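Every chain is named by a letter (A, B and C) in the order it is written, and numbering of its residues begins at 1.
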Amino acid sequence: MEFTASQIASFIDGKIIGDENALITGVSPIESGETGHLSFIAQDRFTHYLDSSKCSVIIVSEDLLTKDYYNPTIISVKDAYLSFQVLMNLYQEMQGRKEGIENGSSIHDTAIIGDKVYIGAFTYVSEKAKIGEGSQIYPQVYIGKGVKIGKNCKIDSGARIYDYCIVGDNCVIHSNTVIGGDGFGFQPTQEGFKKIPQLGNVIIEDDVEIGSNCSIDRATIGSTVIGKGTKIDNLIQIAHNVKIGKNNVIAAQAGIAGSTTIGDWNQIGGQVGIVGHIKIGNQVKIQAQSGVNSSVNDRETLYGSPAISYNDYLRNYIHFRNFTEIVNRINNLENNSKDKTNE
Amino acid sequence: MEFTASQIASFIDGKIIGDENALITGVSPIESGETGHLSFIAQDRFTHYLDSSKCSVIIVSEDLLTKDYYNPTIISVKDAYLSFQVLMNLYQEMQGRKEGIENGSSIHDTAIIGDKVYIGAFTYVSEKAKIGEGSQIYPQVYIGKGVKIGKNCKIDSGARIYDYCIVGDNCVIHSNTVIGGDGFGFQPTQEGFKKIPQLGNVIIEDDVEIGSNCSIDRATIGSTVIGKGTKIDNLIQIAHNVKIGKNNVIAAQAGIAGSTTIGDWNQIGGQVGIVGHIKIGNQVKIQAQSGVNSSVNDRETLYGSPAISYNDYLRNYIHFRNFTEIVNRINNLENNSKDKTNE
Amino acid sequence: MEFTASQIASFIDGKIIGDENALITGVSPIESGETGHLSFIAQDRFTHYLDSSKCSVIIVSEDLLTKDYYNPTIISVKDAYLSFQVLMNLYQEMQGRKEGIENGSSIHDTAIIGDKVYIGAFTYVSEKAKIGEGSQIYPQVYIGKGVKIGKNCKIDSGARIYDYCIVGDNCVIHSNTVIGGDGFGFQPTQEGFKKIPQLGNVIIEDDVEIGSNCSIDRATIGSTVIGKGTKIDNLIQIAHNVKIGKNNVIAAQAGIAGSTTIGDWNQIGGQVGIVGHIKIGNQVKIQAQSGVNSSVNDRETLYGSPAISYNDYLRNYIHFRNFTEIVNRINNLENNSKDKTNE
């Protein structure tokens, strides 16, 4: 990364105040700026960094500027946050995509590999698997029998995608995530638990991103489904036959038990647990660490274990915090009552 | 998968109503049947699908049938659920086992590989490791020094089994699970934490299944033990020196801290935490998300964090949900009491 | 492992009572001693094993010895626990380090590999990565572009370290942990969530140990930091831009959300969740399963979800356990009050 202030200004249509040849070689958060780095200020409470930051170039929302000269070179724009995003996206794209099949990968003869695909060393592609155009499969990935991966996906190192699972277009699956492991299904018998074959698959629709170290189990029969545009953080458990709709956001370490159905545009907090065989509507918010054990209507906000309405939980929890005082009040009432009786 | 209705009927000793040549190429849950697929109906509440399902063939418990003709081809049996299980197991077996050593695996000269073993590409087998007859080690697995794996095991892609760990017969270990990582043991000193060497191992007895992305740590000295027939879901933490008995079922994201002992036939819910150095008896049920911080007797059912009796927790939680109302009642009592005093 | 009692006594400067040629080939916890094994007794409550243990050699704190002869060979020392630690460390060191580049690894031409480094088969080292002197990279590891790993590190099989992350000296990273996956950052739009590029890195300082199956995400810009000497257990989530100080201990399955700052010498329990954008001081203790949702001062001890003072939580939880009884007392008070009113 090496750009001048004037190159950056041209990308985002900004005005330069200061040295247009100032060189940047990296990016810093404004709180910990470094010489030679670029940063941005989009909020009033950060404007004091305009004078004190070590950054060489700062993109600033124009209405936050009050002087004609600052120590760092300033690039003045309408909305510094948006401009910075534009820039980061540009930079990301400049990195380019990887392409080509590396030595040391193992690709079955019957696998179908699209144009401009990258397959890293030590990646294993099983029979009849299909990798769509422009997808990047990093090293050490496992792709099972008959797996279909769409276009422009990125599958990071160490991900495992088991037999017959389907991944749509533009999906990102991070390292060491396992798609299509057996669902957890056993029948109790006198002698022990007998495995119920798990013969379904996992379907991941377009534009889904799944973090690292997640486990998404295949359906017993039919499919476990992750709907279009849903984003899943790290270390998340999705059990067999779960159906998740579109544009959900699920934070790290959440777990969803078998056969539960989840609608669209829900926000599920970190470490949330959702029991099996229930139905979550749309636009539901579930607070971190909650335990949801019954179906949920649209637009509810939940908290607690078992989860209840967010406001109720908070209100009741305040009483819980004062519980000792509350018990003291009961003690007093009882003492008063006895006194009266004894009068 | 391609079978006719009559082939399927012969496997499960069923009677055909309809087209005995009806062809099936897949399996669907009855709620989302597809043309050309097989499904089953074993409960009254699903019988409305007998007319509306797109499935080509449906296995039905005979006492649920009321007509002589249905749209799909029907295979009538005594218990449709059991017959379907039989069929799925048959199908699973038909898939066959993998066998042979793939190019690109790395097997130490001193390792002992049994008959009919499968070892996938990019799998690493260290010195003096032993793989029992008929076991399947998928690609990209790591097998440490002196590890012993029994007969007919399946070790999925990316599993790691560290030095001197022992796995019994008929075990399944899913992808990216780590067996025998160092236990979390450090001694505090003035300057920082000093690592306590973790020199024990992990012993996994026969018929154990362990899901994906689990961490089962080696003992400091001695062994961490997973008893015969115990089934462990995904993303589970088992710390050093834990001893788990036979036929337990442990749901996803549960964690068991160091040196705790667990008996037989227990059911441990998802996201449960169990502290170290305690003893859990037999046939105990621990509700999801509970936190167990003291020893538990046989046949108890627990809930909450810290966990108490399930019924007590539920009863008390109902009061918690009404806490605001309860405090209002106390307010009223106090006001009444004051009124009386002022009279 | 094969030592005589006299060899062991010489390592730890102990006195032998019994057969100085007694041979040991392994180590047992005293509760489950085995013939031919070594163990130790450092506490009075274990002295009954002096006569009953099957161990061939036992190291014992001298003040616990009361007789001239015991069944096993005894090595008498000042502090048996410390001597045993010394011995285990010695044994660990005797195992030696691995060295050399194994066949079947893939190392980019521009990578810089220090002296005495071990790189296992199927490990992938990307362009311009740097591996410091004496570090051991086990098989099947992924090292991204420009990654820097210090001296004397151990990176276990299946760990993934993404582009530009930095690891200090003497660090241990266990199997299947992912360092530098993208942070979970998306902007909501009408059509769905748009990815915010994650262009920062992860910096891991010296003497850090990270367990298996952890996810430590790269910063959006700047760095996610794990401070010197901090020890992290298994299955832990560290989100983007988190800064963790020195000598913290974080137990399994804990999760820390984005941009939170954590000081030094804190103890964070298992399955704890910490929300984003808060500040935890120093020497704080957070009880297992707690949910921390606001900043915490030095030396506090917390419990509950949301977390409050440990003592308050425990006291209030006792009332919660008695909630039914407490409500009965309110019922009685109300009945009494009505009685009085009706009088």
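One rule holds in what follows: a contact is a pair of C-beta atoms (placed from the backbone, for glycine too) under 8 Å apart; a residue touches a chain by one contact, two chains touch by 3 or more.
Since this is a predicted model, take the numbers as computed values, not measurements.
Student: Which word fits the touch map of the chains here: line, ring, star, complete or other?
Tutor: The chain contacts form a complete graph, every chain touching every other.
Student: If more than half of the interface residue numbers appear on both sides, call it same; otherwise different. Which is it for chain A and chain B?
Tutor: different
Student: Counting in whole Å, what is the centre-to-centre distance of chain A and chain B, each centre being its mean C-alpha position?
Tutor: Each chain's C-alpha centroid was found; their separation is 25 Å.
Student: Could you check chain C for residues that touch two or more other chains and list them?
Tutor: Residues 104, 122, 140, 158, 176, 213, 235, 253, 271, 305, 320, 326, 330, 333, 337, 340 of chain C touch two or more partner chains.
Student: If we count contacts the way the header does, which residues on chain C are in touch with chain A in the complex?
Tutor: Listed in rising order, the residues are 104, 106, 122, 124, 140, 142, 158, 160, 162, 176, 178, 181-182, 184, 186-187, 191-193, 195-197, 199-200, 213-215, 217, 219, 221-222, 235, 237, 239, 241, 253, 255, 257, 271, 273, 275, 291, 293, 305-306, 308, 312, 315-316, 319-320, 326, 329-330, 333, 336-337, 340.
Student: List the residues on chain B that touch chain A in their complex, please.
Tutor: Contacts found on chain B: 27-29, 32, 39, 85, 88-89, 91-92, 102-104, 120-122, 138-140, 156-158, 172, 174-176, 207, 209, 211-213, 228-229, 231, 233-235, 246-247, 249, 251-253, 270-271, 288-289, 305, 317, 320-321, 323-324, 326-327, 330, 333-334, 337, 340-341.
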